[in-house]
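Order as written gives the chain letters A, B, C and D; numbering starts at 1 within each chain.
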Amino acid sequence: MNKVVSNADEAIKDIADNMTIMLGGFGLCGIPENCINALVRKGVRGLTCISNNAGVDEFGIGLMLKTRQLKKMIASYVGENAEFERQLLSGELEVELIPQGTLATRVLAAGYGMPVIFTPAGVGTEVAIGKEQRNFNGKEYLMEYAFDSDFALVKAWKGDTHGNLIFRETARNFNPMMAMAGRTTIAEVEILVEAGELDPDQIHTPGIFVHRIFLGRNYEKRIEQRTVRKKV
Amino acid sequence: MLDKTGIAKRIAKEIRDGYYVNLGIGIPTLVANYIPRGMKVVLQSENGLLGMGPFPFEGEEDPDLINAGKQTITTVPGSAFFDSAMSFGMIRARKVDLTILGAMEVSETGDIANWKIPGKMVKGMGGAMDLVASAKLIIVAMQHVNKAGESKLLPKCELPLTGVRCVRKIVTELAVIDVTHQGFKLIERAPGVSTEQIINATAGKLIVHGEIPEMIID
Amino acid sequence: MNKVVSNADEAIKDIADNMTIMLGGFGLCGIPENCINALVRKGVRGLTCISNNAGVDEFGIGLMLKTRQLKKMIASYVGENAEFERQLLSGELEVELIPQGTLATRVLAAGYGMPVIFTPAGVGTEVAIGKEQRNFNGKEYLMEYAFDSDFALVKAWKGDTHGNLIFRETARNFNPMMAMAGRTTIAEVEILVEAGELDPDQIHTPGIFVHRIFLGRNYEKRIEQRTVRKKV
Amino acid sequence: MLDKTGIAKRIAKEIRDGYYVNLGIGIPTLVANYIPRGMKVVLQSENGLLGMGPFPFEGEEDPDLINAGKQTITTVPGSAFFDSAMSFGMIRARKVDLTILGAMEVSETGDIANWKIPGKMVKGMGGAMDLVASAKLIIVAMQHVNKAGESKLLPKCELPLTGVRCVRKIVTELAVIDVTHQGFKLIERAPGVSTEQIINATAGKLIVHGEIPEMIID
């Protein structure tokens, strides 16, 4: 039941060209920094990435854009990234934009073994084009499919050797659902403890969903919008 | 005529005690500063927080604690964190009482366009489509006319839609307008703005019933 | 934002005859004991109850069966209750049995604003009769509807004045989803604290889902199957 | 011929290191006592626990901590609690490696009936229909024949079904039988039981290839 691997390179060693991977995080908050760096080192190409955002030019998924490792990006918002824009406009990169709640729920559906979900998000918009639409109780819904992915890469605050995970603050975001949804799920954590050290009532992601876990190193945790107030 | 602060102040008057409120980026964010005294309101940030507090003091920024605009924030007593699926679950299930967001265009039937301009780089809809598709009450905060001087209150949106028949109220620098089954309905004028000015700035059908009061904002 | 009411009687005062209510709990574990007792005192009748089980003869939902307050029971398992069996066989009580996972997920769907879910549970059985069946990726699924209920009655371990809830051990079970799913949700707790005293990272049910909360009293917490081992 | 303990011991040999296992009520519960030494296995209890431990010591029962059979239990290091939706989510998404449960009847195509006898009080299917509809690997623990001496391994189930084409293996007091595309296939005989005895006790199509080994249980 020990799922600990020594580092990111070992954890991602079988992620291959043209695979589909999910990456947790919202903006740069709660992203699997170590795994992303390892993917850049490994140089796998043709990846389809499912993640709420695409990072910034020099950080997060942006690092893999720079090295042109991505074939397709599935996200809800992709601003703040000049290289992304360049690749998109030049046709090098395929992009599928989907509503954030649809993204979250399609990931949840995968983790919960549900083939589709129905959501009202996007009804009457171009998001609805080509999708099955159906009325329930007088309201229109779109049918959206669960995401299938080869790997899910998530970042947690604490984890144990069985793969149980605890997230911190808004760094939780998409991570718990993606942890549930990956065919293989890799978790990187800031604090790794022995099984039994986490309170079983406080675990956000039970270890059954996690296949590999490792202690992450040198977290940068960049802040996108540093907003502060002055002390009075 | 209102400035952005004025628009935010006027919208704040729509808030009721006990509301759970989701604030979009831009003017909507400012609304948090003008919640009437004594009212208890919980701000939802769709990236996974109920009980959003003010910006942190300098030096106390926490990279794990941001809002949907990716700004560093704080919590308040009673805050709760959760994942994105639950966040949009509560939005979809209409647990959020009020959603305030910006728009590029609103139609007289309540359609809204605020995510895409053909020919320009498209950044994505983020959570906007989910919010407008499910919110109990949506108030739009925006300028009445665009930079080219064209009305943003239209018979029909020209830009790609974010959602249909969802906007209930619009607050602009000129007016407060309800979206009714009959079309836009003028409710209040901004200080110093005439009814005629508002009529001229509104391309969609605008209902004007009798004398329109001037809004009161402190 | 203060949702505290003084007791169970006040909390349930507007639950009326012929309403549909959800009750948390698995067996007798994590059931809203105070609310059930208050419903018996109030004497409302014709209730439709959605709960995984129907209690035992002298405890839990069984108390409302004894007083014939139930019109219909929607559950996954209803053993251990002689009065239940009597009313069922005499036709006094209507019963709908549904798979436990289907029950949990139909409740989740309600809480998450999803009109239906698809599950493979029950395909090819009498549970499938009259239901829409559909194939996704080569597997058959049944379409099941979200539960609408007037009230949800849940039991948590700790709660705060804003309605944030924390559950304990397997007393969690159906409670978090039911808390999300009720049109009005009433939570009874063993420990009630001021907002700010619970760790925001550890809250299982955010207060937005909870409309009323009160400090429960005199919990019996009966054990159905007391199984032990001897100390060596 | 095996007793209940023997059936449990034989099934325990199907467990692999690292498995997540869901054990039904009755004989399946006994399997937990015979997991091979050195193997790390996590038991799932569908009411919301991964890492089910043994019964508590007398006086240490906790009413908040029960298994799906409503028995008082304990946790083990690495346990995690979760709600019923997540529990059946992980079952539906096939995260549970092995499900062991009892049955009244199994058909040669792998259909199972274990929840309802027409004319008798129906207690409900509990989580059984979810488990059989989604499990990666289902092993049935049951008696080969019922109290009336009739085979429970049938061409077609006569009782109302719990699930279709889902059972992969059956362990009875007489034999280990795989459910294949061709029908039941005899894999092992219980100690002292002849192939003929098993053939006679099996109403469904039984494939017998060559010499059938006697099972080895310690």
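In this text, a residue touches a chain if its C-beta (ideal position, glycine included) is under 8 Å from a C-beta of that chain, and two chains touch if they have at least 3 such contacts.
All figures in this text were calculated on a predicted structure; none of them were measured in a lab.
The minimum number of touch steps linking subunit B to subunit C comes to 1.
Where touching is counted per the definition, the chains common to subunit C and subunit D are A. Looking at A-B and A-D side by side, the one with more C-beta contacts is A-B. As a whole-number value, the distance joining the C-alpha centres of subunit B and subunit D reads 56 Å. For this pair, subunit A with subunit B, the centres built from the Cα atoms lie 28 Å apart. We define each chain's centre as the mean of its Cα atoms; on that basis subunit A and subunit D are separated by 36 Å. Annotation: 33 Å between the Cα-based centres of subunit A and subunit C.
Contact with two or more other chains is made by residues 49, 75, 81-82, 85, 88-89, 91-92, 134 of subunit D.
For subunit C, residues that reach two or more other chains under the stated contact definition are 105, 112-114, 119-120, 167-169, 172, 200-201.
In terms of which chains touch, the assembly is arranged in some other way, matching none of the line, ring, star or all-to-all patterns. Remark: the chains found to touch one another pair up as A-B, A-C, A-D, B-C, C-D. Residues of subunit D that touch subunit A in their complex: 18, 20, 40-42, 44, 49-51, 75-82, 85-86, 88-96, 134.
Against subunit B, in their complex, subunit C makes its touches with residues 1-2, 110-114, 160-162, 164, 180, 194-196, 200-201, 203, 206-209. Every residue of subunit C that touches subunit A in the complex is listed here, in rising order: 105, 112-120, 136-137, 139, 141, 166-169, 172, 200-202. Considering their complex, residues 26-30, 52, 75-79, 85, 88-89, 97-105, 107-108, 119-127, 157, 167-177, 204, 221-231 of subunit C touch subunit D.
Of all the residues in subunit D, the ones that touch subunit C in their complex are 45-49, 54-67, 69-73, 75, 81-85, 87-89, 91-92, 111, 121-130, 133-134, 160-165.
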